[in-house]
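Scrolling down, you'll hit the structures one after another.
You will see two complexes here that share subunit A, one where it goes with subunit B and one where it goes with subunit C.
Up next is the complex of A and B:
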């Protein structure tokens, strides 16, 4: 009752104006308390959301497992059709070399070449090997024997890889024979000697998860405040747009880190991807990337009217192009020049370099600083742009 | 500053959105401690005016001050000193009563013992003791409305802006809400409230009538009703009120006719006697019942709009 009287009575004395009303701008302590107040609210809301826990902890693991298995570019057991027209010991030995290797699986043997067409067309075979009459005779005479390889180009990845495996087998065969090649190639692959694509695809998937989670959750959380009308209420308080933005971004940065901690055991222990660099470096170099994704999330929230729009925008305008233009899906070197230039604007591109560097090469800040600096710079620019839009939208 | 200085001063305040004029050169003063009602239909410009006064929207023309601060240049000063309750319910429904109060208090720089004391005050004032740990979405509508009001008062602002605060709550909850507004005003807080409800407007000290962005009239409720002092309002009940409207409109001395549910309200320019006789004569066969009624605010509102549109045409 006492409180009530005190509360109600005080307006009368305050009405005279500005003097009596506290100024709470200025001191660091006030600023931290203000920020803390927003953080507590955001974390309480996250905790109350029954859907958020599965999204945070289970979805990334599932994504990682699915993408880790599916997003592999290794090709094993390429379907091979054989047409041996020579019928000699040498030709049979060559065929055997193919079938012994784990790269090929012999799915058909035909007596004449026209039969191969049908097999390639139906997809029963991806690679067709023809050994012409006289193959053994040529070899016996000390000349290189020729064979024909047909490859299915409609599945470019499998076709090309199949062809290159086949070339390897042929090279081995000629090395084993009398014909000594003039130059002997001994390629050594560094960092990922078996070229296990999983070793670079899985860390890249981790990047995707961080990006999707931080960007989408930030965008949706802000748009939700718009939808519910609480944003307007926030804007009549003395809280500044800067405080509101920082108060929104820190919780979702924490979410991003939680994602890393959840997903990392799967990456390391399930998929056996080596982490050759330090864990601290990994976390430290993840922060500049999150600066970009959080900033983009904020930016999206200024474009979208509804949470649904925010989700679509995130998925199709901000995530898909990054996947395609970062080296995640396609090698940057193979892109037309103009697209190669565009990739320099894609944050994911730099983060993939960081991830592969830390995981597989074991390098740290000394090598990766250009990427870290670029990402930090991009993050700051994105945040500033988003802030301008954020403010303008309110006016 | 003296206590006589108006809490709000608006001079030719205007706001356009493209070619649409939402608020058209509106001028008024609001006295400290006054309950100032802004009455108008949807789209009349009430919300746009309130948003300009709260520093959420820049005026396109004219000027306004709140507590002596300019709404265009000193919005930050204003925000610190006002309370605002928007049309849409704007507390976090996934937080509890207490969590909401602590958050909104913190937004105004209230921490520690201050916010603890104000939280107690708010819960007691809103009459929601025992609900402090209830999620806001589980509260009944009337409770939520009162909670939103006290949440806007945590920092003890000398003026509070309420934008259609009682939308969607039952009459009892609405009455309790208005009791709270009366208490506030009694302690010196200025209350600026928009509404399209005539009952609520009757409870305001002064009422501004807004229509199509313009301020049609501004006065106390009795003064507004005195526009009919020279004439009278009669209520007509008959079999076919819609058909009768046109007939009555043509009669001499009739200013306008409006449909109120199944009855007609007729504004007569002069004393009722002859007007009533004319109506009874006109509607013979319709079994008309004509009674003189005291003017309601709705009569005033409809009359003002008709007059403004007549002038415009």
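Up next is the complex of A and C:
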């Protein structure tokens, strides 16, 4: 064991020595040619697996379509159960207000309150409105008429939004009385005037696709070479570790870029998400992010011994927590302070600001440079770290 | 038959034990996710970055501003009289909402004239924006005097009451979904990779040369992962109970039964994938597309099914996690018995029979 390690160490030294000598001779062209050779080899290898290619290009589109349709936070048609105990014109008018709004869908009407129990339990209703006896009489006397809103808290998103919609409806009902509040609030919604959640979520899925494809593929491909023992063969070639790394990473960077180009038409034309900024900015600012994901892929490959491990590590340690802590679906501002600090270490966080900025706000370098600089810095650091580990592993 | 199945199971377990990193990831991942879900994620919008442009400068204007700040939802990031600074603040994201108080706001109020407050809002994140607008409406309604005089109806007041999860803790809501996700991933992907790995390394040939029958081989291959997923899910449930006070209101026995049903479906799916893929990379991609993503997105875990387009709602019936999640929430949060969720369990059983049948059929043929 010890012998082998020493032997390997020697061979690594020899390789390094060779690389240094070559460099000294100044044959940059030769180094580039070697690099080109690895690139060709890697691309050929990618083409040889007949099932991987269709997956590479179909998978992102499927992901995008599912995410685009499913990842909607526009809660509409909240199931509403109504229990009107007052039976007056005023109470019927209030019920009418609820059913008329697009937010609610009346799924049940019950005659007495205990009937609501079963409806909420089975999920037939998420919100239950009860109008007590005397509601109209109270209001006619100028006193507040109160109604009860029961909400199903086991589905937090529908529950919270359902309650806030209901409050809106009640406020409209109050305002429709003779009393007019003096101050009116006039909202102006920027960037996404119709408040379509798709415009926010779909550009972000581009980031997810890039992450899954570049990070995961890099990690798994490198580990596969380890597993199959072909990494050893590459070691005896006169390649420097730097050349080896670059040669291994560039094909995946290309795959990542191609994926962006495949997915972009779906984003723009299928989902109709506006691209208000420039296309060039988008692509240029994608590169620093890919630097990070490729670096992380390389880093993971130095941690994992088998493809199964690489897959698990990437999916659960690097991708899922990043998605949760980047503001992808859960806004960062809602998190406790400690977690907000953690999010600064998440590359995806910066890239999402870039993506959403370019797509929805139409901003460019002038606004996004802090994110771009941070991402580039992170990418370089990650790559350097990965390179150190990679070399140690080879040695 | 049982002995041979067990022998394979023990071999697989030994292999898993040697591969400590995978085993650790499988057990540590749920805990990590649980922490993030429990502590970090929430739908309550807070710390809204508010800029106030006060073109009035009087006391009434300051009262509105204070009402926003005292609500506890808003953080004041800028206060001034210049509307032109807003543009950049919104572009850079340093402001999310801006309140613009017009000149003569105070005078208008004092003279009982109607007046308008402008509320500019970053709509990129529509969900957050909707919530912010709701807050703003309530605050303005609370500070606004009403036109005096005349007979009028009283206002309508809503008394909200939240059941099952009174403080709307997202941990309580998300834990069932998390369980489904963890179980699906370990069951489908780990099983598929474990079988395909034997193919990739050529050890499947040696297994084929033994007097093992297909059923025994499959049983032995899946049992360890059944065990691991079940343990991982139980540990997460226990932790969720201890740390986040997630109650288990229904019977533990029913809970275990439904979990096992769901696992059987997942394992069947994993084996089915393993018959389609020749390499672990391909198997993983299949697993990702057919199990992980649908469980995350199409099961009602995070995004409510009732808000999806109808075509997609139909597709969700083909996602086993959908049935599992409904049953799980009913058992864990609502304490409901089988009379409420029997149809979900039935859906899982039907799914399991089909998937396991398909998987066995394809494996028998390929062996």
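Just a few scattered comments:
In the analysis below, the second predicted complex is superposed on the first by the 363 of 395 C-alpha atoms of A that agree within 3 Å, B and C clash if a C-alpha of one lies under 4 Å from a C-alpha of the other, contacts with A are read in each partner's own complex, and residues count from 1 in each chain.
We adopt the following convention: contacts are C-beta pairs under 8 Å (C-beta built on N, C-alpha and C of every residue); 3 or more make two chains touch, one makes a residue touch a chain.
Quick caveat, the model's predicted, so the values are computed rather than measured.
Counting the residues of subunit A touched by each of subunit B and subunit C gives the higher count for C. Judged by the touch definition given at the top, the superposed model places A:278 against neither subunit B nor subunit C. When the two structures are aligned on the shared chain, A:232 is found in touch with subunit B, with no touch to subunit C. When the shared chain is aligned, subunit B comes close enough to touch A:44, but subunit C does not. Residue contacts after overlaying the shared chain place A:33 against subunit B, while subunit C stays out of touching range.
By the touch criterion defined above, A:99 lies against neither subunit B nor subunit C after alignment on the C-alpha atoms of chain A. Overlap of the subunit B and subunit C interfaces on subunit A comprises residues 49.
Those residues of subunit A whose C-beta lies close enough to touch subunit C in the complex are 49, 51-52, 55, 59, 62-63, 66-67, 69-79, 90, 94, 120-123, 138-161, 163-164, 166-168, 170-171, 173-174, 177-193, 195-197, 199-200, 212, 216-217, 220-221, 224, 303-309, 311-313, 315-317, 320-321, 324-325, 329-331, 333-336, 339, 353, 356-357, 360-361, 363, 367. Those residues of subunit A that touch subunit B in the shared complex are 1, 3-4, 6-12, 14-18, 21-24, 30, 33-34, 37-38, 40-41, 44-45, 48-49, 228-230, 232-239, 394-395. Residues 1, 3, 7, 32-33, 54-58, 67-69, 76-77, 79-82, 84, 86-95, 99, 102-104, 106-109, 111, 117-118, 120-122, 124-125, 135, 153, 155-159, 183-184, 187-190 of subunit B are the ones touching subunit A in the complex. Residues 19, 21-22, 25-26, 29, 32-33, 36-37, 39-49, 64, 88, 90-93, 108-109, 112-131, 133-134, 136-138, 140-141, 143-147, 150-170, 172-174, 185, 189-190, 193-194, 197, 277-282, 284-286, 288-289, 292-294, 297-298, 300, 302-304, 306-309, 312, 326, 329-330, 333-334, 336, 340 of subunit C are the ones that touch subunit A when the two sit in their complex.
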